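The next part holds the structures, each set out as structure tokens.
In the two complexes that follow, subunit A is the common piece, with subunit B as its partner first and subunit C second.
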Partner chain A sequence: MTGTSLFHEQTARQRIAALVDPRSFAEMLPPPERLTSPYLAQLGIPVSFDDGVVIGKAKLGGKEIYIAAQVGQFVGGAVGEIHGAKLTGLFKAAARDQVPCVLIIESGGVRLHEGSAGEIAIAETMRAIFECRAKKVPTIAVIATDIGAYGGIGILSTCCDFRVMTEHGRLGISGPIVIEKWMGKKAYDSANRALVWKTSGGKTKYLLGDADALVHDSADAIRDAVAKLLGKSSAITLTSVKTRQKELEKRLKRFGDTADPDAVWKAMGVRDIAGASLASGPEFAAMAKRGK
Partner chain B sequence: MKKPSARALFARLFGSSAKGISVEKSVLTGYAAAGGTKVCVIGTCDGTYIDNAAALRLAAHVIDCIEHHPKAPIVMLVDSAGQEPNRVAEMLGLASYFGHLLSCLELARRKGHKLITVATGQAVGGAFLCYGMFADRIYALDSASVGLMPVEAMSAVTKIPVAVLRKLSKTMPSLEFGAKPFALLGGVEEVWAAKDDVQAKLAKAIATASTEDNRAELGRKRGGRKLALDIRKKVLAASAR
Partner chain C sequence: MEKFAKAFPSKPLKTTAGKPWALAGVVGSGNLEVLVERGSRPSDAMDCHVETSIPGYKASWLAALADFAHHYPAGGTKVTINDQGAPPVLVTLRLRQAYDHLTKGEK
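Here is the complex of A and B:
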């Protein structure tokens, strides 16, 4: 039992422990193996013995899973060569063993201090995710913190079969500060937290259909959502991509000129904007007529 | 050296069959020929930004190829500065649009279409990740700007002085920007020079492509990315226990 602790306040290892069956987690390449980034060392930046990602095997509801959790406190969970190789290896192991893989994301994307190596690592992990999907091995991304899934990791998260989000979670490519610099404060005030979350937060992502579940900020709720998805996979077929193409075309046509996220919420069936803003994830999900 | 026009570049790659490529708002789609076979072409030119609409147009063309030209190789040309930072694009889920494009390419791969990328201009950040880096085999012209970002940009974000990054990049090609250092990391199979017969090179690239991702092996062999393969193997060994 995890009590009342909030998932977004927990550390990566706490999150895994709270999510999986008690004492079932066995970490692979754990900190005693001292796999640290030579790039950061050369730059005189502190290293971390797990390079910012915890990976291993566990059970969830008695079912075997592979699981990874990124460490947002360490260079924003950004992906360097080792971090990325651990993820690639994990998804490759999942494909080989036909065991579902859960990725608890907390990352701004590529670790800039390591240059292109992190970028290639993300591309390699994407290929490994699709190896799983070709074998109908479920891949599930959990996005539950304000660091969220950004940059290359935002794109990578959309390669997984499913995305479980909380209202704290954010999913995107360019972050609000970058956009504010580019478009100006008038177009995007990055200090306006309501606007930031309505742009990239779990509620809007769920509403538009990019998140498959919107749940409470607790390990119990996230576990329930993940458990429901473990037996499923989202097949990539000619029919599925043609359907998705139509959905995304429709979304762009409907909202491409809509600057105001409240207008999107309204159009998607949210009647009480103020109430919906304050509602919890599951309450919001119940209020909103989620559309395609 | 003057940058060749997009059209001149297409002609170099596809000869007279390049007329089958249409360009609209710097997004290109069409069919051409390479090595005597019909190929589907998607891509970007003029270093354009790639947005939700561009991703959809590329995806639609990949779907068209799967439906109407079974097993035709797909050649992806990359000359894009990345995604334009834009709030509405983000609100509408740009990442999902890119994910959709990747899913279409994955479907094509599974249905026997070979996927070849040629980085022709800018191949940086998200624009390279959202389709070009997903190919079976990736090539780059030596004039292309390939990599995460130039050291000046890296310095601006990380606050590490340019001089320090430049010095380190001598021994760490990952920090250097360009097609050649990217190839040392295994991110590019081969860099094509201006004098090369790129039509022949492209035909050979298609003929020899394999769906096995060999980038970590290449990076280790070439010495630019020494850790990735070993770490991956360690994970695969540890999980097999």
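Here is the complex of A and C:
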């Protein structure tokens, strides 16, 4: 694998290998351990040796990190009991050892086949992330594929200190098809890819301040962005939560009635909509003023 | 779901260097994952364990695995497969990928 290949085309293990220092990754609970989902087996659905997530310890730019990558192709990267327990354990270890934790996200949220167990697992992982933040241990989410971060994992990603996104990445709670089913095709057309990406894609999330970096779809670009954020962390305080709440209220007031995502782009300082649509990563970022 | 296991005669694995295990593929629609591990006994057999979501194709599976065991020195390995409806050509491809990763180290 060379550094020039597209990050979103790689497998979870390739992504980790491409991101961290050569041969520095040591996988925890690797496939030979056969920690597979007992629920899927009961339902007669094929299981996976790693239950859809690769976790371990590595070095990035010489610094120790914990890292996890979800396998989107296995039941949509969805979180079951084992998958979630692996994530919880990883963030708990990060908090204990005061080592930054990077999560390469590719997940639609909770695995419906093991709903309650998955919900609890995500809640426990969030608690472990907040443990990290209380100790000022950096937590970074990378969202770089069209499976993106949705449902519980969408919420979990926003619990982390920072989010690094590419233009392929999407971030939300309910997925486009779910919104269309509930609100109707007139309200939200899930087949309109431009609309979907302009509402939940990396560019818009970056403009609105939900993503902290917008980078090219390559391991090199993502590594640089992650490396810059590794030394930083912010504890959550009552003041920081209240400030964020005010920001979100302001955003709702400003854009709540807008049906046209281009209006949001314009209001965020993008003058040339057509040009910005074609621009990627840092070039796009340069075309916008970007505010909160 | 269908589950079966069988050992196929195969020449012993040549190299002792390389990794203790290798994985190829993912469990996705029309795809499969193959885990190959060293240190299985006896050293002149490829020990195979298959779990597939599509029942009724045991004969094709056994033929594909026997063919691989015949053409590659894979004795002393344990092959475990989680399948979600992969076509036979893909099974052979993943077996070869996992085998290559195991013997040559590239992932």
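We take it that the second predicted complex is superposed on the first by the 288 of 292 C-alpha atoms of A that agree within 3 Å, B and C clash if a C-alpha of one lies under 4 Å from a C-alpha of the other, contacts with A are read in each partner's own complex, and residues count from 1 in each chain.
Here is the rule we use: a contact is a pair of C-beta atoms (placed from the backbone, for glycine too) under 8 Å apart; a residue touches a chain by one contact, two chains touch by 3 or more.
Note that the structure is predicted; figures quoted are calculated from it, not measured.
Student: Quick one: subunit B and subunit C on subunit A, clash or fit?
Tutor: Fit: subunit B and subunit C sit side by side once superposed on subunit A.
Student: What is the contact status of A:Phe74 with respect to subunit B (first) and subunit C (second): first, second, both, or neither?
Tutor: Only subunit C is touched by A:Phe74; subunit B is not.
Student: Looking at the overlay, what does A:Pro31 touch: subunit B (first), subunit C (second), both, or neither?
Tutor: A:Pro31 contacts subunit C only, not subunit B.
Student: Looking at A:Ala85, would you say it contacts subunit B, subunit C, both, or neither? Reply first, second, both or neither.
Tutor: Only subunit B is touched by A:Ala85; subunit C is not.
Student: Counting only touches as set out at the top, which of subunit B and subunit C does A:Pro46 meet: first, second, both, neither?
Tutor: It touches subunit C, and subunit B stays clear.
Student: Counting only touches as set out at the top, which of subunit B and subunit C does A:Val270 meet: first, second, both, neither?
Tutor: neither
Student: Considering only the touch criterion stated at the top, classify A:Leu230 as touching first (subunit B), second (subunit C), both, or neither.
Tutor: A:Leu230 sits against neither subunit B nor subunit C.
Student: With both structures fitted on chain A, tell me whether subunit B or subunit C touches more of subunit A's residues.
Tutor: B
Student: Output check: A:Arg13 vs subunit B and subunit C. Expected answer is one of first, second, both, neither. What do you get?
Tutor: second
Student: Just the number, please: smallest Cα separation between subunit B and subunit C in the overlaid arrangement, in Å.
Tutor: 14
Student: How about subunit C: which of its residues touch subunit A in the complex?
Tutor: 1, 20-21, 23, 26-28, 31, 33, 35, 37, 51-53, 80, 82-84, 107
Student: Under the stated contact criterion, what part of subunit B meets subunit A in this complex?
Tutor: For this pair, the touching residues of subunit B are 52-53, 56, 59-60, 63, 66-67, 83-88, 90-100, 102-104, 106-107, 110, 125-126, 128-130, 133-134, 146-149, 154, 157-158, 160, 164, 168-169, 172, 174-177, 181-182, 185-187, 213, 215-216, 219, 225, 227-236, 238-240.
Student: Residues of subunit A touching subunit C in their complex?
Tutor: Residue list for subunit A touching subunit C: 11, 13-14, 17, 30-32, 34, 44-49, 71, 73-74.
Student: Give every residue of subunit A touching subunit B within the complex, in rising order.
Tutor: Residues 28-29, 35, 38-39, 42-43, 55, 57, 66, 81-82, 84-86, 88-90, 92-93, 96-97, 110, 112-124, 126-128, 130, 133-134, 149, 151-152, 154-155, 157-159, 171-174, 176, 178-179, 181-183, 187-188, 198-200, 204-205, 208, 210, 236-238, 240-242, 244-245, 248-249, 251-252, 255-259, 261, 264.
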